[in-house]
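Input: a single structure, listed below in structure tokens.
We just call them A, B, C and D in the order they show up, numbering each chain from 1.
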């Protein structure tokens, strides 16, 4: 093999008892397929932090029910996330835990008769008692009652975040660390349903476009930018589209962890190569897509990253 | 095989030159795996129409760029869709065609140098000239200038729809047929980006929660309800969550066409069995998930449905 | 859009009640994503037939249990398949039907207690009574007893095929039409298990490499060659590897229908671009991958093909 | 939540700099979705070893090219694999490295002109110089020339294994540790192609069914049995079918790592629940399916396992 070719020999990974996650990720860095992509994602995240890039974190999927809440709130507290864009559902499930609830793990084949009897709602192999939603309702109606009547969505989420007294909460960590939380489809969640209930008798005004200016300003003021996408959906597109009307030419760093694929054409599965054609990601960006369940890939990447950055 | 078992013999499909799509779908109805699910979806859609159910259509993915625009606008005009919930992107691409633009088909491996040179944006194997976005901008800024300043999202979309003069448009068909169009994450699209631009100098107020009441009222007033989901995302959840605070017990009919899978836990890939545990879909509902690229499955189902209903 | 670019406008598909499958496929031919790939596959198959190419058909997956048996046996009888490479399982399920058995369709959530009670084996939503395997055993042991003792695998399969008296059988159709059937992992099936039982008391010699010469000779003697792959597995690789030591430069036509993806690196999900780097598929080949459940895509392609070729 | 329910609270994973892989896997053990399944797989593998079960390892996919060769050969040497069933391709790529070749890592978008120019074959993002196949041919023809003329496939593979002088080789490790290697579709590989070449001038007889007796005897003599499946394909089915004609009732332990899904009905994506209906896996078995790229999941599980077992 000639030296000038853009190819490196595969070095077969060696596993040793007691090795650290970062040692394992380093072993995988000279492997291919998913293993190589995963190791590449850890390197890119490290670059992102070390280059003082502004780090946008797009969070979709049911990561909080799955047990990823602490990882994300710690990432906020430790400066690995500068701007969070997420779904209403992740915030709802974060709130439920802050209000004393738990998510429960079972198996995905538990039958519907059992679930109806015990009033359990299912998210694959996670189960949630229906009663929690009553506690949530009381809490949210109380928060709404104290709100200013004309807010944008980011401010609306911030007010909810301030109501939380729980160090491990994603919302509370964001409040504490001045990490803005954007949630474009906030009405598409229990937060939205309770806003609808509340508005049947009382005023509540939240503008749909008003926080875009903040979002754009944050994005444009940054010297270097990076995006980490957990799944696709609205968070992915909302982060990427910020580049469309700018002259920045796209994100400098891009990591996507997804189980979607590009062939059916939806944005959730779109490659970073597509994003480059739209100037959402720079032609020269360091970019990687890890095709993996994010509950596997994210903890690995973060464990590796923490070890790299502690030195 | 005893007669009382809930099993029917597989009848092997027979293909004949010139057979109609509906004849083919009937052949597949006694087949299994994806073929059987597809035929089941056609039957459920037929049931939905014949039982006078209110039909909610959740549209995500890039169906307009792929060439599915006419199918959907015809579905609206012919009464197969009563309520549309979709993404900003599908509306933007619908508008682009109404304003004289085309989407172009190529191959997914066209290189970035070529795309940059010809200023083309890529969506898998679809290509879109960047210049169209300038036409879109002019159009939208004009529409925004004439709008009332306090609208909900459905009204906001309706105003955009009224500006369209194109019988084949999804937006125009919805206006003509009084089919309400909901778009919970409207800011997550070019429609949103241009609203942000517009608001830098002029007022525009669109409330994020205000159209939920209409949506809920439509849903609760219906005797029977059906949901057809193209992909997942916000449209799927927004339709399903309407049942969460009601006593209806869920949708009576449910069809989902998706390439997502349930194991990573996200709502887009969640099964209807999960939806039943939340009372989003009735325990007794006729429900099916077709794991397929929707650009393949939707035309087939609709061709079969049209033939069934014309008699 | 300049005319010289390799791009064509998307023409949105129009669905009409009573349209034929081929009319639908023609509508999809100017659409993108899966719809466009599917229509492309129909065109390539038509080219393959019209150019008198030798057509290799790689059949994996559980296509016979799903109800695709008649389609495949008709394809053999009508000259759409010249060489069949398949798995032992598809042949076993073909035999079971020829011996009077049925596959049964139910739902994938039927519980294990029910299945054990009724002695049913499950293949997703297909169910097979265990008792059929006793009939199969009797039949196969009888066939083995009459066999020559030194055969290659193709001859061994042919002998089994000759024992079948069923016009709709894949095996019988292949015997009748002189279509050779290769089954490289024949021992990986009930055919193999019963061979093992038989050999505990009686001699049976089948050589693993002996039919490769026939396979290679067929392949090399053809002027033009085409490959149609249903799924991946051994059939896909066995067909493709025939080009590795030849100077033909690969197949002229290549159609793959699969639900696998390329990123995990396995051959089943490998793209035709990869195959080109190995000279398994010609650089200039007409080639397409349709990402779809084959029980949906195959009937569509064949219905379209039959209409195109009947004229 | 009542204590008697089969549910446990989700404990959110905590990531600490420098944590070992096993510590991470323990954190994931109280998480859900893929993370929980992965941790469950590590536990089941630990149980398998500690219960002195006979461990069958089904290896498909392109694990050697990806950099997983050392992991697998070390697993053989350390007693984590008792019987190996694999594809010809994995053995070929193992041989290539033993003969001095390397696999090279690049990116999946390297163009075909470059590959043709440098005579490189591609496996997703792995590249292999064509010239290695000439070295392989010389080696194999030499091995075939010294072989006994009437072998079964396991013996045939063993003879090839004996020709290897490389401690890191899978084949050599299996020879050294008396781990039998079965390869049902051996002709579907370069090993097979060179056997075909060889047989054009010289005799070589390898029987397709002869090693099934050994395989069955090993399986039936074991007190407890476990199966670890990397991907699906022939190795998965060949291992599972060993239970079909036995009275053992199936494997006691079952781990599958796959990217396939059950809905298209193929065996590669079939769940262990399906396998239970066939008595291939015991009703009471400890069983798990991890939906993941195996190059990610396998190193994690093995790193965790090694730490658990070293104590």
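As a convention for this text, contacts are C-beta pairs under 8 Å (C-beta built on N, C-alpha and C of every residue); 3 or more make two chains touch, one makes a residue touch a chain.
Quick caveat, the model's predicted, so the values are computed rather than measured.
Visitor: Which pair wins on C-beta contacts, A-C or B-C?
Guide: Result of the comparison of A-C and B-C: B-C.
Visitor: When the centre of a chain is set as the mean of its C-alpha atoms, what distance in Å lies between subunit B and subunit C?
Guide: Centre separation, subunit B to subunit C: 34 Å.
Visitor: Report the inter-chain centroid distance for subunit A and subunit C in whole angstrom, where each centroid is the mean of the CA atoms.
Guide: Roughly 42 Å separates the two chain centres.
Visitor: Where in subunit D do residues touch two or more other chains at once?
Guide: Each of 32-34, 62, 65-66, 120, 123-126, 261, 263-265, 273, 291, 293, 295 in subunit D touches at least two other chains.
Visitor: Does the chain-touch network form a line, ring, star, complete graph or other?
Guide: complete
Visitor: Which residues of subunit B touch subunit C in their complex?
Guide: 1-2, 5-22, 24, 27-28, 30-36, 38, 62, 65-71, 74, 102-107, 109-110, 118, 120, 123-127, 129, 168, 273, 291-293, 295-297, 299-300, 302-303, 306-307, 309-310
Visitor: Within the complex, which stretch of subunit C touches subunit A?
Guide: Interface residues on subunit C, with respect to subunit A: 32-34, 37, 261, 263-265, 291.
Visitor: For a test of understanding, state which residues of subunit B touch subunit A in their complex under the given definition.
Guide: Touching subunit A: residues 60-62, 65-66, 89, 108, 112, 115-116, 120-126, 133, 153, 184-190, 192-193, 195-197, 199-200, 204-210, 212-213, 216, 231, 233-234, 237-238, 241, 244-245, 259-270, 273-274, 276-278, 283, 293-295 of subunit B.
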